[in-house]
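Structures incoming, each one as C-alpha cells.
Note that chain A is present in both complexes that follow, paired respectively with chain B and with chain C.
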Partner chain A sequence: MLYIKCPYCGLRAQKEFSYGGDATVKRPNINEEVSSEDWDNFVYMRKSPRGKHIELWQHIAGCRQWIKVQRDTATHEIFQTAKVTEEIR
Partner chain B sequence: MSQPFRLNKEGLINRNKKISFTFNGKKLFGYEGDTIASALIANGIHLVGRSFKYHRPRGFFGAGVEEPNAKLQVEFNGHSEPNVNATEMELVEGLSATSQNCWPSVNFDIGAINNFLKMFFPAGFYYKTFMWPKSFWYKIYEPFIRKAAGLGVASIEKDKERYEHKFEYCDLLVTGSGPSGLASAYAAAKNGAKVILAEDKPRFGGTLLTDDVSIDNLSGKDWAEKIISELKSMPNVTVKNRSQVFGYYDHNMLVMFERVSDHLEKKSKFTPRQRLWYIRAKETILSTGSIERPIVFGNNDTPGIFLSAAAKEYMKVYGVLVGKKPLIFTNNDSAYETALEFKKNNVEPIILDTREEHSSELIDEAKSKGIDIRFSHGVIVANGYKKVKSAKIGKLNKDKNSFEKIEIVDCDCICVSGFWTPSVHLASQSGNKLKYEEKIDAFIPDKKKQHETSVGAANGSFTLEESLKHGFENGSNLSAKITETKTEISIPNVNEKKYGAHDKFWCMPLPKNENPKRFVDFQNDVSVSDIEIALREGYRSIEHVKRYTTLGMATDQGRTSNLNGLQLVSNIENKIVPEVGHTTFRPPFTPITIGTIVGREVGMEYMPTRKTPMHEWHEKNNAVFVDAGAWKRPRYYKEGNETLFEASKREAKNVRENVGICDVTTLGKIDIKGPDAAEFLNRVYTNAWMKLPIGKARYGLMLREDGIVMDDGTTTRISENHYHMTTTTAQAANVLSHLEYYLQIVWPELNVNVVSTTEQWAGAAIAGPKSRDMLSKLYPDLDVSNDALPFMGYKEADFFGVPSRIFRISFSGELAYEINVKSDHGMFMWEKMIEVGKEFGNQPYGTEALSTLRIEMGHVAGPELDGRTIPSDVSLNGLVSKKKDFIGKNSLGREAFNVESRQKIVGLIPIDRKSSIPEGSHIVQDQNAKLPNPKLGHVSSSCWSVENNNPFSLAIMKDGKNMIGKKFFAVSPLKNKSIEVEVISSHYVDPEGKRVRS
Partner chain C sequence: MQKYSVFSLIKNAFSNHQNWEVAWKDPTPKREYDVVIIGGGGHGLATAYYLAKEHNIRNVAIIEKGWIGGGNVGRNTTIIRSNFMYDANARFNEFGMDLWRNLSQELNFNVMFSPRGIINLAHSDAQMNAYARRGNSMRLNGIDAKLLDRDEVKKLIPMADFSDEVRFPIFGGLMQPSAGTARHDAVAWGYARQADDMGVDIIQHCEVTGFDVVNGKIKGIRTSRGDIKAKKVGLCVAGSTNILAEKLNMTLPIETHVLQACVSEPVKPLLDGVVTFGAGHFYISQSDKGEMVMGGDLDGYNSYAQRGNLPTIQHVLTGGLALFPFLSRLKMLRTWGGIMDMSMDGSPIIDKTHIEGLYLNCGWCYGGFKSTPVSGWTFAHTIAQDQVHELNSELRLNRFSTGHLLDEKGLGTKTWIG
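And then the complex of A and B:
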C-alpha cells in the first residue's frame, strides 16, 4: 500500500485516496472551438510510461482535494506531491 | 504413559503441565511448550504424512518454518484447520491432529502405489500425461488429480473466531529476535526510537536458545532473556512473539501475522484468534536468520531424517531425542554441535563428514569426547520404508564422484547439514536484487531498495560476534538518524566456537546400477531426475524449470530446496549459480489464514450499513429491504402473504389511483454555493441553467467527457447563489468527485463550493392524484394550488413546527411532491404523513413499485444509463443545448453516435399480453435462427404495467423508433424463455406528461 503525502494533510495511506489518471492532460477551453483531433487526444489518448508519471489523486477520505503525485509506475517510488495549482518539474 | 524419547531434564518446556492430545485417534500427551512435532517425536512417532505425488511415507524434517513434510489437519478450540505445520503449532489441551493426503490411513496408503508407478509421474506429468483424449479429462484425470493433489480439507463450517487488523507506525521494525535482532532493537530503543520487535516463535532468542555460546558471561538464552525483559520495560518498545512478518510491500509497509490465542486453552470473549498488523516503518532491520540446507542423497525423504540443527533444537528446546542411534551427515562444522549435544545426553553419534580429515575447534572437541568421525564419508542411501533403519554409507574418492568403500551402518535417524542459506525472502520482496555470495554458496541482499537493512545470518554473517556487532551498529545508526539521539553502547564480550571452512558439496553420487529417488523438493516431490528431465526437454530459464517441475512451488516456498535445485541446474548447464539466477520470492513468507486477511470485515461488518431516519418505521411495518449501495431501502411493504409481485402491484396501483409516499432520503444531495454557481451548472449539465429563477427546480442531465450519460437529477435554485442538486443514489459519490474535479482542476477561476448534504436531509415523495389534497392537509397555512406551487416549483414552509423544503418534482409521472426536512425530523415527518394521509388512501411504496411507475412512464434510470448510452439513445436529446458548451458536448458529434441505426430506447409488450419479459433478454428477429443469432438489442427494465394490466419493458434496440409496430422475439437463454414481443413507444402511460402538471 502506497504512502502518499497529501499537501494539505500529510502522509496518508493509499486507502484514503482514489486515482485520477494523467495530471498533465489539459482540457480544451470551454466555449472555444477545438479540432476533432485535439478533442480525441484529450478524451482518449494517454501515455502509459514505464517510469516517472505525474498523476492525479483525490484525497476522498480526507480533505477531498485533488492533488498531483509524481510516481514511478514501475517501482511505485513517489518523488513529489503537490497541490493541483502547483507545478511538478 | 512414558515418553520413550523425552530427555529427563533438558529443554525449555513446562514439565509441570501435561497436555493431552490425539494423533490419528491415538491418545498421547506432551507438555506445555511443546509443538505437535516435539510431542509426537517424544512419543516415538515419526510417520506423519504421505508425500504429494508418490504418497511416500514422510516424517519431520525441520523444527520450524522450514518444515516441508509435516502438514496436519488439526482440530482445536472448536475448529478444524488444514495444512497446519506440526513443527510450529503449539500443543493445546484437547487438540486432535490427523495425517493428510493418505487413504485409508497413513500406515496403509493406497496412493503409495504411485511410488511404484513412477514412470507416470516424471517432471511435467500434469502437462504430458493428461493431454489426451479430451473426454478423459473430466471423467478420469481431473477426479484423479483432485484426489491425489489434496492436502488438507478446508472446513465448511462458518468460522466463529474473531480476527482483527491493526495499523501501526514505528521508527524501526525488527523482524526476528536472534542475536542480531535483539542487538538492533536494543540499540535503537536506547536511542529513544519507537521500536517493534517481532519474533515468529513463542520464545525469543533465535539461535541463542540452541547455540553453545556466552555473552558477557551469560549463556545465550540468559542474555536474550535479560535483553527482552529490558526491552519490555521500555515504553517506546513493542515486543511481539508468535508474530511472523510475512510481507514487505511498497513504501516500507510490512505486514505481520500474530497468532494471538491459538496456544491458549481458554481466552476471553473478545480476544481475537489472530491479528494482522499493517506496519509502516521508517526503517526495517531484517534479522530473519538462516535456514540449514540438506545434502541430497538416496531416499533422503525417509522418516527419521532431519536437518541437523532441528535435531539440536528438539534436544535443547523440547528435551526430545529424534533418535538414539544417530548418523550425522555434514559438509561443515555446525553439525558437530548437534553431535556434541547427543553425546552430552549419552547418545553415541557417528559423524560422516564429506571433507577430508582436518582439524578445527569443534572437530577437536568431538574427537576428544571420543565421537566416531569418518571423514570423506557420506550417506548414499537411507534404508527403511516408514522409518530409517540403516544407511548405506560410502567413503568418497578424491574427486567425490565415486566411492572407495561402501558399507551399511545401523541407525535410527540421520541428521544432515549442507551448510546455511540466509533467509532473504523479505529483502527480496522489498525489491532488493540479491547477489550471490561465493563464500557461503548462497544469495544475500544487495544494495538497499527501500529502507531494509539485513543483519546477522540473514546477511550471510554466521558468527555471533559479527551478528551482534552488525546489530548494535545498524540499530544505533538507523535510529539515531530518526531520533537525533545517540547513546553509546559497549558491544559485549562473546565466547563462541570457531567454525572451519565448509565443503562445497551438496549431492551424493550414486554407485553404478543404483537408482533410488533423491529428493530436492520434499513438499512437491521433485527429485534430481525430474530436474534432469526438464533440462533435457529444453527448459533453461530457472523460472521455467520451476514451473515445469514444481520445484519450490509448495507452501514451504522451497526454503530447503531452492539452492540445491539451483546447484543442480548450474551443474548440468555448466553455469555458475549466479548465472542461473534465483526465482522470485513472494509474500506471504508462511501461509496465513484467510480469516486473518478478512479481519473484522465479515457479516454485518463487511461494509457500513446506511439507514434512513425512517428505517425503524419501515422495519415495524413489514418492509422487505433491498441493498442500494450501502443503503437499505424498503423494496416493498408486505401485507399478509403477499409476494413481491403482488405487493409492488398493489403499491404502484395505489399511487396511480390515490396517493403513496416513498422514502427518498438515499438520493444524493449536493449543496452548491457561490456567485458562479449558475455558470458552473451550465457547464456541468447539458441543458441551459443561466436563467433558472429562484424558487424553481429543473431536471438536468450530465455527461462524461466522452459523451456518455453520467447521471441525471433535479437541481433547485434556493436563493441567488445557492443551489440544491440531487443525484441518483448510486452515483452520489461519483458526481461529487466529478464536480470537485472541475472546480479544483479545470475551472479553478469559478467561485463555487460544493458539499454533500445527502445525510443532512430526510426526504419523502408524495405521489398520486390525491397528493395535492394530502399536501394541503400537511401544510394547512400554505397555498399549494397549481398556480402557487406549479410543476418544478419550490417552497420553504413550516411542517408542523419544523422547517421543511417542498419540491414539486416527480419520478413516478404522477402529480407529486418531495418534502425534505432535517434528518433528525425525518421520522416525525414520515409518521405525520402516515397519519394525515389515511383519509386519502395513502400507502407507503417501496423501490419495486417505484420502478414500475417510472418504467411504464418511460423514465430512464440506471439500467438505461448503463455507461453506453448518449442522450439521444434514451430520448433525452431535448435536454441537450445546441447553443452553449458543456462537459462532453464535443464528443456528441462523433460519427458512431450519429448513425441512424444506432440502438435507442423503445417499449416492448408481449404479444400474448401475459408473459413477463426477463430483463437482459436479447432481441432477435428469428428465434430459431442459426447461431450466432444477430442481436438487435436488449431488454433493460421490465415491469407489470399497473395502468394497462399487462407486462411492459424498456429496451435499447437497433433502429429504435423505426421499429415501432414490428414484432420480434425477446430471448433469455438464462431463463430458457423466448417471448414474442411488439415494439411500441417507450412512453406507455401519459406520453404527453399531463399528470405531473395537473
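And then the complex of A and C:
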C-alpha cells in the first residue's frame, strides 16, 4: 500500500486516491493555432521515466482535490507532494 | 541438436538424466552481427527464430539484460486467444493461432498448447448485444465464436454464482472454443533452443547502455559486455521500451505500468477453459498442476517495480469472488508482477522507426503472450525485408498522429483504466 500525503488532508492510504498520469505534460494554449504534432505530443506521447516521476493524483475518496506527487517509479518511494498549482522541483 | 522424443527420454533415463545436451549455449558476444535483437523474452526469441528460419538470416544476436524466461514470458497468465473485433487485430492474432497449433511439433518442444476455450461473460442485455456484434465480426474473419445463453454457460461453469441474489447476474457469454493456454516457459525455451541451433547467439546478463546512431542510421549498440556493431537492431523489450527510447531521444505513445497476477494452491480439475468476468476486470483459468491462475487490473500508476501492491490484488479478487464464491476457501500460493508497455490505444506497435535500421516492437499491454509467435513472425519479416508485412500494416507507430487508432476496447489514452 502506498501512503500519500495529501497537502489538504494529511497522510492517507492509496485506496483513497485515483491516478491522473504525468503532471509535466502541458496542454497546448487555447485560442492559438495548434500543430498536429503538438496535439500528438500532448495526447499520446509520454516519457514514462524509470525513477523520479511527477504525477497527478486525485484524492477522490477525500477532499476530491487534484494534487501533484513526486514518486519513484522503480521503488514506489514518495518524495514530495504539492497542491496542483504549486511546482515540484 | 539432440531431438527430444519418448525414445531420447527413455535413453537418458538410464544415465539418470545427467547427459542431456545443453538446450542453448552461452556464447561470448561477437564484434559484429547482421541483426541484433534487444530483449530475450518470448517475442525477441521468436523474432530471432523466424529471422533464421523464414529469412535465412543467421548471424543474429539476442541481447538480454536478465535471463531467458525471467521477464514477462515467465510472468504472464498464459492465455492464448484471437477474439478481437477489429479486422487488423483479428487477422493478426488468428494467423498467430495457426502458428500456435503447430508450435510443439515445429519447435520439437512440448509447449502444452491446450485449446480448451475462453468464455467472456456478459452481465446485461447491452453486453450480450456487444458480444453478438464482436462474435459476428470474428466469424467474418474466420475465427470461431459462439454466443452462449445463461443455460449454456451454466453447463460449462456450474460452479459460478448463478443464484438470484448476485449483483451482476450472468446473462450469457461469448466463447471462442479454439482459444486456450500454453506453458509459457516452454515457449521461451523452445524458441531459444531452436534459434540457438540455427546459429543465433543468445547473450544473457548483458545490458544495453547506449546506441551508436550516425546520420540517422543505426551502426551498433553499446552494452555492459562491450560494443557490438549491427546492420539492423530490433527493440523488443516490453516494459523497458521507454528506458531504451530515452537513450535514443525518442518519445513513444507508451506508458509503463505494473500488472499483477496470482495463483491459488492446486486443487482437483475444476475449470476447463479460461473465464473472464464481464462486470469487473478479472480472469481465471486452471493450470495443469491444478492451481487457479488469476489476474485483472493494473495497479494503475507508472511503475517499473515488477511487483505491485495488495489493494489491487484485493480489488481483482473481489471481482473473482463475486463470480466464483468457492475461491474464498482456497489459499493464495503466490502473487507477482510484471511491467507492461501500455500503448495509448491498447494495441501493439510493430514498425520501422525514423532511424534507418532500427525496428520497434512494443505496446503489448496486457496481452503479449498470446501474440508471441505472430509477433516474432511479423517482426522478423519487418526487419528482414525492411518493410511491414500486411499483417502488421495497421500496427504502425504513426497511427496516433494520423488518427488511425486501433482502440479495440474504446479505452482511449487511459488503457490502464479498464
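Basically, the second predicted complex is superposed on the first by the 89 of 89 C-alpha atoms of A that agree within 3 Å, B and C clash if a C-alpha of one lies under 4 Å from a C-alpha of the other, contacts with A are read in each partner's own complex, and residues count from 1 in each chain.
Note that in this section a residue touches a chain if its C-beta (ideal position, glycine included) is under 8 Å from a C-beta of that chain, and two chains touch if they have at least 3 such contacts.
All of these numbers come straight from a predicted model, not from anything done at the bench.
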Can A:1 be said to touch chain B (first), chain C (second), both, or neither?
both
When the two structures are overlaid on chain A, which partner does A:89 contact: first (chain B), second (chain C), both, or neither?
neither
In the overlaid three-chain picture, which partner chain does A:43 touch, first (chain B) or second (chain C), both, or neither?
both
In the overlaid three-chain picture, which partner chain does A:66 touch, first (chain B) or second (chain C), both, or neither?
first
List the residues of chain A that touch chain B in one complex and chain C in the other.
1-2, 13, 18, 36, 43-44, 75-76
Please output the residues of chain B touching chain A within their complex, sorted ascending.
167, 249-253, 278, 280, 431, 683, 705-706, 733, 737, 740-741, 744-748, 884-886, 890-891, 893
Give the list of chain C residues in touch with chain A in this complex.
242-243, 246, 251-256, 300-305, 309-311, 344, 400-401, 413-414
Complex contacts: residues of chain A adjacent to chain C
1-2, 13-15, 18-19, 21-22, 36-37, 40-41, 43-50, 53, 55, 71, 73-76
Listed in rising order, chain A residues that touch chain B in their complex are 1-3, 13, 18, 20, 27-28, 30-32, 34, 36, 39, 42-44, 56, 58, 60, 64-66, 75-76, 78, 84-85
